[in-house]
Amino acid sequence: MSEAPYALQEHFRDLEQQKDAATLGMWIFLVTEVMFFGGVMLSYSTARYLHPAAFAAASHYSDPLIGAINTAVLICSSLTMALAVHASQLGERKPLVGYLAATIVLGCVFLAVKAYEWSHKFHEHVVPGYDFSFPGPEARSAALYFTHYFAMTGLHALHMVIGVAVLGVLLVRAWKGRYTPAYHTPVELSGLYWHFVDIVWIFLYPLLYLIDIHR
Amino acid sequence: MSAVPPVEVEHHENYLNTSYGVWSWLLTTDHKRIGLLYLVSVTFFFFVGGFFATLIRLHLMTPQGTLVDAATYNKMFTMHGVVMVFFFLIPAIPTVLGNFLVPLMIGAKDLAFPRLNLASWYIFNAGGLLMIYSVMRGGLDTGWTFYPPYSSLYSNTHVVSAVLGIFIAGFSSILTGLNFLVTVHTMRAPGMTWGRLPLFVWSHYATSIIFVLGTPVIAITLALVGIERIFHLGIFDPSLGGDPVLFQHLFWFYSHPAVYIMVLPGMAVTTELITTFSRKRLFGYGFVAAASIAIAVIGFFVWGHHMFVAGQSFYASMVFSILSYLVAIPSAIKVFNWTATLYKGSISWATPMLYGLGFIGLFVMGGMTGLFLSALGVDVHVHDTYFVVAHFHYIMVGGTVMAYLGGLHYWWPKMSGRMYPEGLAKFAAVVLFIGFNLTFFPQFVLGYLGMPRRYHSYSPEFQVLNVMSTAGASILAVGYLLPMAYFIWSMRYGPIAGPNPWPGTGLEWLTASPPPEKNFEVTPVVTWDAYDFPNRHDLKYPAPTPGFTPAQTWPPE
Amino acid sequence: MIADVPLFPESASHLSEQTDNLFWFLFGVSAFISVLIFLLIAVFAIKYHRRAPNEIGAPISGSLKLEIAWTVIPFVIAMIMFAWGARLFFNMAHPPPQAMQIFVVAKQWMWKAQHPEGRIEINELHVPVNRDVMLTMTSQDVIHDLFIPAFRIKADVLPNRYTSMWFRASKPGRYHLFCAEYCGTNHALMGGWVTVMEPADFEDWLSRGERGRSMVESGAVLFQNYKCANCHVEDGSGHAPSLMGVYGAPVRLTTGQTITADDAYLRESILNPRAKIVAGYRPEMPSFQRILNEEQVLQLIAYIKTMSAGKPLQTTGSELSNPAR
């Protein structure tokens, strides 16, 4: 936030009020994010309802094992994030830096795996609107699966990229010792955001990889 | 806002003269200055939208259309709708009056996130510029509703840049709503309990709930339309397996609550006007506050009444119809409470009050015709006709725009430190009221007769009513230009207002006009209820006429 | 000139009068409440007009009784409006089973109506008076909406889907037909006339003009040309299920669901055959998406409807009475 160690902005009465405002602001922001993702998920559900067979066939292009690995990576990153928040509350600078760095690394691993999956889809010519061919008569409907696959994972990955960037800023500031037990709101709120992005993935993984695994 | 102040200006330091220069405005984080920045932006968009409205009405003077060809006409009504809805009606009251007044009314120094507030203004203008870019490139012709597959596949106009513009501007709404919610929750002055908040703040709170919950949905929906159009995907395209009705559900899930985004702040302003100019406590404070929240909540569950004839299931239509009737109840409660507030008041006929009373009248007509549209059997006939056009213009122009103008007059002394010319302002208000009714009342008749909306040419028997409407529109146009002119005039030549010219009871009237940069010299401590005229010993009224004993006065004789 | 200006639409169907009755009820209630509010505002504004600059209003802050009254009374009125509107809508949404069928295909920017007997008209719709008529509609491109103000009905016409509406015209004459859902450049020109005729005139009209085959006959020709019977063998021994008596009958799918074979199902099974597979069969029918247009699909469905076990090809009465060509 600000450069001063006790970064109280002048329109707030005290740090407590400032923290209340920031925290409530982040929660409300997350609510808007829920509505945002909700729109795509509703679209996905409708398309799947209309074309169940095609969605089943198309979902087999996504490897549940890779998805599971990525899920594990993200859950671990949530753990390191939670530990980072804990460290910031105690004012332990080195652990804070370490956990933030670990979270960033795990986030990058997730994105790398995602990039691998995407490039695989490009090689398999299942990118609607760019290069799409799907065997069998369901191509048209399968394209809808891949449209939603790219829309949902793309939107999620964009949030991951933003999250990693934010954590990068936190890392630099934590290194400089900006966060103290009295003032660590940015770490806490970034943690909230990071957990939220994880939870979105917890919904995307079954919807895109698992739901039709036995069909 | 000139650098050379006229001589008679009060020389106190205020938010207008604390610093000068372009950057002191463009980089300001002061909610009051940002409110004025928004005032400039939305006024610009109002006149862009109004320009298209004028062309539409001129075109419809004759059955075959006087002015332009079909394709151009379709672009005109689309751009009128898009600009007015997304760039004027939705932002107007919250971002101008709300921004300026919410912190003042709750006794805060600023909104909780001043930099986000400034960012939202830039985001809004970025979206608006993209919209203007689409207009300049030749416009778009999908209607403001963007129904696919027409918008995603068949239209060959500039849809992508327009939906991107709305998408971007949406984030400005989200940030504004978030800022208001947090500010009202965490920044209230000591003693300013929820039960003492002015109704203006309650209504903006309700509006913000809709901003925050609804706007992300329209953003993602229009984004999907955009990518569908760019990449020829099939999310909403039936020929590729998609579902065009899904779009309508998602679109109206936002766009119906958006109607309440437009009218709740109008109600907010009206409540302030009615109480101040009757010098009376609001009748049924708790009910009016609860009604605001009820409208925001129930408003999220009525979107399907835009789709009674769109092929949705019969039972879905039943549910949406009954919920639409339910959402009408809190609106009715508000109207009754406003009317009851007038009873035994001390009613002034100052210009803001004329707008306030005009709002109630026009809102009643708009609301009552809404009951026609909620009635399933009648909606089948009047859906997508001029009846609907008339109905929502009564709510949005008769309601929102009237309230916006009323609010501008009421708080103009606070914003500028100067009064507008009262006589001219009264005249303009009456002109607007007459022009408005002449423009839109004939459209109810046209609609029940069966004239569909969005027609560039029409059957000859509809001509007389259309000419009446056009005549009204030209009166209305004059009515809108007048305040524009005298507000600008009054910034330099208007009489000095003083801190509380009416007097009003809100905290905004406790500070100087214009307010100092940090709003209050000392943070106020609130010990009174909203609109508590009888117990507000600090209010200063003009001296009574000699030899006349009024029914009630303060201090009591 | 003013005297010629219509202020209320013509009423020409069994529904229009019912709709108008509800309209006048709504109008009465609204006018009453609006005028009441206007009067109260005017009276208060004048009677309590401020007489001295330092006068304030009476210290009144509310009344629970009044609040309850003006919550409950509007609620009751609103529920009456709802119930009345819903009942009317129920009638509109449920066509009588014996209604005469007409098929409508919309495209930018024209209406094409197809009578079962084969007569096709564009931007015109001829119907007999006092007879239930049901329109089954679909669009070839964007969303349209068929609107007949004199009948007080409209319904969206969607691509890839059938919607329907019905009416019983009550008065011979010519009435406007509009497109009420914005559909592109010439939306305003996508209209025409509905002509309501005496039954005898209608029969006469049907038999005149350039008449092709009836819809069922056209469907039979399509059925033959595309060799549908090679797989859809009558006794069910083919690669595909028999279509005898399939219309309106329950169909069991591979997913375990049972659905009713209605127009929408038949249409989907022709255009997108693998969406729903009948239990016991394999998904091997090709799609006719790019081969048949909407009118031909309607003809095929009309033919399939006539196929029922034990009966040869059936045609409707009016067709038999009208010599082909």
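Should a chain be cited, it is by its letter among A, B and C, assigned in written order, with residues numbered from 1 in that chain.
Rule of thumb we're sticking to: contacts are C-beta pairs under 8 Å (C-beta built on N, C-alpha and C of every residue); 3 or more make two chains touch, one makes a residue touch a chain.
Note that this is a predicted model, so its numbers are computed, not measured.
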For subunit A, which other chain has the most distant CA centre?
-> C
Comparing A-B with A-C, the one with more C-beta contacts is A-B
Geometric centre: closest chain by C-alpha means = B
Measure off the straight-line distance from the CA centroid of subunit A to the CA centroid of subunit B, and report it in whole Å.
-> 36
Whole-Å gap between the CA centroids of subunit A and subunit C = 46
Among the residues of subunit A, which ones contact at least 2 other chains?
-> 51, 141
Residue numbers in subunit B touching two or more further chains are 241
Flagged in subunit C as touching 2+ other chains are none
Subunit B residues touching subunit A in their complex are 108-110, 112-114, 174, 178-179, 181-183, 185-187, 212-217, 219-221, 224, 227, 230-235, 240-243, 246, 250, 518
Where on subunit A does subunit B make contact in their complex?
-> 9-12, 17, 20-21, 24-25, 28-29, 31-33, 35-40, 42-43, 46-47, 50-51, 54, 128-130, 140-141, 143-144, 147-148, 151
Footprint of subunit C on subunit B - complex, ascending | 70-71, 74, 141-143, 145, 147, 149-150, 153-155, 238-239, 241, 244-245, 278-287, 308-311, 314, 317-318, 321-322, 325-326, 328-329, 332-333, 335-337, 339-340, 342-349, 357, 360-361, 364-365, 368-369, 371-372, 374-381, 383-385, 445, 448-450, 452-459, 461, 464-465, 533-534, 541-545, 548-554
Subunit C-facing residues of subunit A, complex = 51-53, 137-138, 141
Residue set of subunit C touching subunit A in the complex reads 255, 273-275, 283, 286-287
